[in-house]
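As written, the chain order gives the labels A, B, C, D and E, with residue 1 at the start of each chain.
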Amino acid sequence: GCTSNGEPVQEKTGENTLSGKIVIAGSTSVQPLSEELAAVFMEKYPEVAVEVQGGGSSVGVKSAVDKIADIGAASREIKESEKEFGLTEYVIAKDGIAVVVNPFNEVEDLTLEQIKKIFTGEITNWKEVGGKDQAITVVSREEGSGTRGAFVEITKVQKKDAEGKKVDKTTVNALVQPSTGAVKQTVANTPAAIGYISMGAVDDTVKPVKVEGVEATEENAKAGTYKITRPFLYLTKGDESEIVKAYIEFVLNEGQEIVKEEFISVK
Amino acid sequence: MLNNTKIMVRNLNLFYGEFQALKDINIDIKENKITALIGPSGCGKSTFLRTLNRMNDLIDHVRINGQILLDGLDIYDSQCDLITLRRNVGMVFQKPNPFPKTVYENIAYGPKIHGIKEKSTLDEIVEKSLRGAALWDEVKDRLDKPALGLSGGQQQRLCIARCLAVEPDVILMDEPTSALDPISTLKIENLLEELKKDYTIVIVTHNMQQAGRVSDETAFFLNGEIIEMNLTDSIFSKPKDKRTKDYITGRFG
Amino acid sequence: MKKYEKIIESILLICAVVATLSVFLITLFIFKEGLPILKEYGITNFLFGKTWSPTNGYYGAFPMIIGSISVTLGALIIGVPMGITCAVFLAEIAPKHIVKVFKPAIELLAGIPSVVYGFFGLSILVPFIRIHILPIVQKLNPDAYTSGYSILAGAIILAVMILPTIVNVSENAIRSVPVEYKQGSIALGASHFETITKVIIPAARSGIIASVVLGMGRAVGETMAVILITGNMPKVPGSLLDSVSTLTGTIAMEMGYATPMHQKALFATGIILFMFIMLLNITATGTMKRLGAK
Amino acid sequence: MVVNTKVHIGKIAIKKKNLNLKEKIAYLWVYFAVTLTTLILLSIIGYVLLNGVKHINIDFFIKEPKSMGRSGGIFSIIAGTIYLSIVSIAIATPIGVCAAIYLTEYAKDNKFVKLIRFGIEILAGIPSIIFGLFGFVFFVIFLKLRWSILSGGLTLALMILPTLIRATEESIKTVPQSYREGSLALGATKWETIVKVVLPSSISGILTGLILGIGRAIGETAAVMLTAGSALGLPKTIMDPARTMSVHLYLLASEGISKEKTFATASVLIVLVLLINFLANMIVNKYMKSTRTAS
Amino acid sequence: MLNNTKIMVRNLNLFYGEFQALKDINIDIKENKITALIGPSGCGKSTFLRTLNRMNDLIDHVRINGQILLDGLDIYDSQCDLITLRRNVGMVFQKPNPFPKTVYENIAYGPKIHGIKEKSTLDEIVEKSLRGAALWDEVKDRLDKPALGLSGGQQQRLCIARCLAVEPDVILMDEPTSALDPISTLKIENLLEELKKDYTIVIVTHNMQQAGRVSDETAFFLNGEIIEMNLTDSIFSKPKDKRTKDYITGRFG
């Protein structure tokens, strides 16, 4: 759910008077968006430096909690276990997760069930889903990735076991790559590969497949017909400094124009 | 005993780069005799000795011309097989240089290299060689101990035994007793006496008395030349060249 | 004596102590953070558990231990014979002018940052294995399959990385073999080759072993290059063409993802790595001393 | 005395023997291994440089990277690399040199000193990821230095300490005892002797150690990423995060952001290492010469 | 010229670990005289010399007892300042050991250490010291050249000049000419003659003739003991102890 409870900063601090540094760390899916937002923001306030770095969603949570970054970025919702840290969440965008294959792969369309079976290792050959007779190279994200968390939940790769504990059933035969970019590159370079990445990161080096017949586009995601979506979050803890407030305020308002270009805006 | 010439050296010149270390050497080395090379330090004794088994080949920038005939065959001929040559012309170095292996392995090294594999044959050779070098009794109980644990004199005899084990015809010795105490020296001198029955021996020595005691013939080197060569008795009692006399009587060097 | 001398000595001492203290601090930290999970989860479960799935609460480091060992062993199998051969070549066979060119080249190889090797492996070796090696293997075993991210790729790149260490240290060891040994052997009619294999290499063996151990340390410790090319699959591999994840790679990739338990598990992985390196170092100095004493 | 009885000796057949098969194979292997090594070296460097150099121009050096390095140059990354190297060297040098001086000039051979040496030896063997792990938890989080040049510099300083200490120790040990005696006999104190006579005579060894340290700092990836972060911006203060060239290369390569920039960055990195090697060799050579005239 | 005692040594014993290198030494060293220490190798000459400016403090495991009074003050007293002591008791070593600095810097080193900063004063000292060591004319045009480029004899005189520059009272010299050619040796011997006007000099020498030529008094060491000490003329013409006589006449050592 959307829990944007941060108090909108009303009075605009005078233009160009802002100065200082903001460090944003976390999700590698949010990273490209943050970079762009930061670039525009810094143009507006030349005295401000916004430093963006990756790591993964859990790094985002952790760095916000430990206050080693001013803003943590996550590409999934906050887990129950993370709620206790008392983080302030801002949903800055929504993003679909595209299931991507190598451009040479002739498979166009997969059902959620097929995707689940591929990623849990029940289907291991492309011919079982209408492709060539070729073993599937599953590419997954590392433990703790927001994209992975959202993906396994939506595709039911993650199940509840007997005790009601959620268990990630991703096949152990998956290559693991530590960022959205790395998954994309691996899929782009490996003919039989399948992986999942932020929709905003999709380019022509990889081919997104239709899920349940629905193309992986922002419109479809926004309309809710494309099923695999998740929020992008900014996380802060405790009192925010002036510039952090200003930045978040910027992202939630003007920034949404930029969000729209590749992702789904929250306005 | 025959008085054959074993090694015949003709017009031998050797250069280290630009420096001429041997100048027109002519000498005959007799079979089953001990030939001593004497002369002041730096006169070329070691250099000459090393030409006889082509150990100088290991040094860069060495240029050699002239002839060395071993049993009538030119050892500097391109057809000459170095391995066979060095097997036939053994060498014992100034500083004892056993390998860091056991006593047994040291002696067996050469025969093994030359293709002998049976343990029993090797055992035989080891014993025979060590007896030949008068070392058997001292080391027979420690054949499997490291050779580096032997005393200096024992190490030197070990090196002689190692040399005997490949059954050479000629043994070259470069100041083999300079690192040894008098008792070890005596043992080795006695040994030489025995060995010359079967081998042709060339020995470099700084020690005039030693040359006098052990050798049959003596060559006196000076500045890369052979000044005089003769029967040892003659050269010590009535040297023909003044420089020889001066050297022998300790006037210089 | 001028008064400040004592003060200076204490400052110098403090500096020396700082260097040592940092070791203890590092050790302390790693053990403090990592030991609890080893106790809680059980050392044997941790060391021999076959499932590494921290979000599900499985902390079996066995696949990574095997992963690290397999790429390291592979690197040694390729790198050691090559390295020792090059060392022998440099010290014994090569003419001076070749040594002058070849040696700096090897040193350069040592200086190149490991990511460059990783990048090379990723863009050349991984596809090469998939496209050219796999078909060959498939002729023998039709079921064989690889994405190219594999032990083989990791081993080859690590082999190149440890080559300079092995060459340099071994070469020094070979060069320091007394020339008397060589002369002794040559004078007995041994060929150069026999002299090298039977006298020189045995005499230099403690240095050569040291070079191997040092190279091994470097291979075990390498992180980023390995992440790029081994596929990071936390599974016990069945063949050389399988992907693996390593101890170092896992730490680097998952370090940020820290539920407290997960983070502790990574520190425990650090402990294993640490012990592994210690063991290596101790064996190295041990063998060197033992062989050196002989 | 038993003497072997050896009859005979005919003529020795000293005819040239051919290498036997085993030796032929062995030499073949040697040349194979050496050629292969050379080829590997050439192919790695050649592959990177051939693909990279054409994408290097002035802009690449003086422009800031844009959109995660996809376009623009690597100015802030070069700056970050230099900044981080300087900071780590600045931290490690005084400690390392002082520790080396203590160990060579002051230390007695007791248990305590043995412990120090043991510690330094261990430090040299610890894999870099452990330093990263430690730096992240200790400097970044515990000391609240966050991802910064300072955190990275401290971590790298620890990593290069052993190299530096050893290089310094070695070169101090080569200073002839007679220099020290000469100075002391003139009434100089120990410290004066060290500063005025010992250190100047061993300066090139220390420099070589430093350069090797810089090389290690530049080449390190994992530990730097965990401690100095990977932000692309131009670092201004020591508390800013920074991205070094190795980290940049890793991220470009792993995320396939831009082949061109990846090759270009790798090329710059290799050339830099070449330069460093060259510099170290130059110093070593000069040093050898000066000791030669001294003896 | 006065015949004051400059250094008085009483019951001095020195141990290297368990080994006693000096045994109950008693000796008076006279002001403005040259005292020579002679004796066979290993007898303790250098060791004794180094006790006089406490250079032995640098060696581990050295134990010393007894008294050495310099101008009546015990130099082994805990109150004694080592720096001042060494400044007052200069030392010239057997092997010339100039610093790897320029000629000028070598001489100026000591004065700088002792706090002299002005360039002009330093210039003066450098010139005076070099003149004192009879080296000025040879090096005045190359003061800024590395001292290691000087010849052996020049280096030795440079070291003497370096020693003079701190204006000591006593100069200790450990075989200062053993590495030099005869001409350099002569220069230094002449120099000693000059220097003794202003300094008290103790010199270790292997060279009997040298001791005879330059010294006023001579002490003969054997196995860590002083066998005999007397005016040089007396000791060489009529040694009291048989061992001294044997040594001087070359019977042993």
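Just so we're on the same page, a residue touches a chain if its C-beta (ideal position, glycine included) is under 8 Å from a C-beta of that chain, and two chains touch if they have at least 3 such contacts.
Owing to the predicted nature of the structure, the values given are computational and were not obtained by experimental measurement.
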item: Minimal step count in the chain contact network, chain A to chain E; value: 2
item: Highest C-beta pair count, chain pair; value: C-D
item: Most widely separated chain from chain C, with each centre as the mean of CA atoms; value: E
item: Reference chain D; chain at largest CA-centroid distance; value: B
item: Geometric centre: closest chain by C-alpha means; value: D
item: Centre distance in Å when chain C and chain E are each reduced to the mean of their C-alpha atoms; value: 57
item: Interchain centroid distance [CA atoms averaged], chain A/chain B, Å; value: 84
item: Inter-chain centre distance, chain A versus chain C - centres from mean C-alpha coordinates, in Å; value: 36
item: Chain centre separation in whole Å, for chain D relative to chain B (CA means); value: 50
item: Shared-contact residues (touching 2 or more other chains) in chain E; value: 83
item: Sites on chain D at which at least two other chains make contact; value: 189, 254
item: Contacts with two or more other chains, residues of chain C listed in rising order; value: 1-2, 191, 227
item: For the chain A and chain D complex, residues of the former touching the latter; value: 21, 23, 25, 28, 31-32, 35-36, 39, 49-54, 66-69, 177-182, 184-185, 188-189, 205
item: Complex contact set, residues of chain D against chain E; value: 108, 176, 178-189, 192, 196-197, 200-201, 290, 293-294
item: Touch list for chain C against partner chain B, complex; value: 96, 178, 180-191, 194, 198-199, 202-203, 294
item: Touch list for chain B against partner chain C, complex; value: 53, 55, 58, 60, 83-88, 90-91, 93, 95, 97-101, 109-110, 113-114, 146, 159, 162-163, 166
item: Interface residues, chain A side, partner chain C - complex; value: 55-56, 58-59, 62-63, 81, 135, 137, 142-145, 165, 167-168, 172-178, 186, 189-190, 192-193
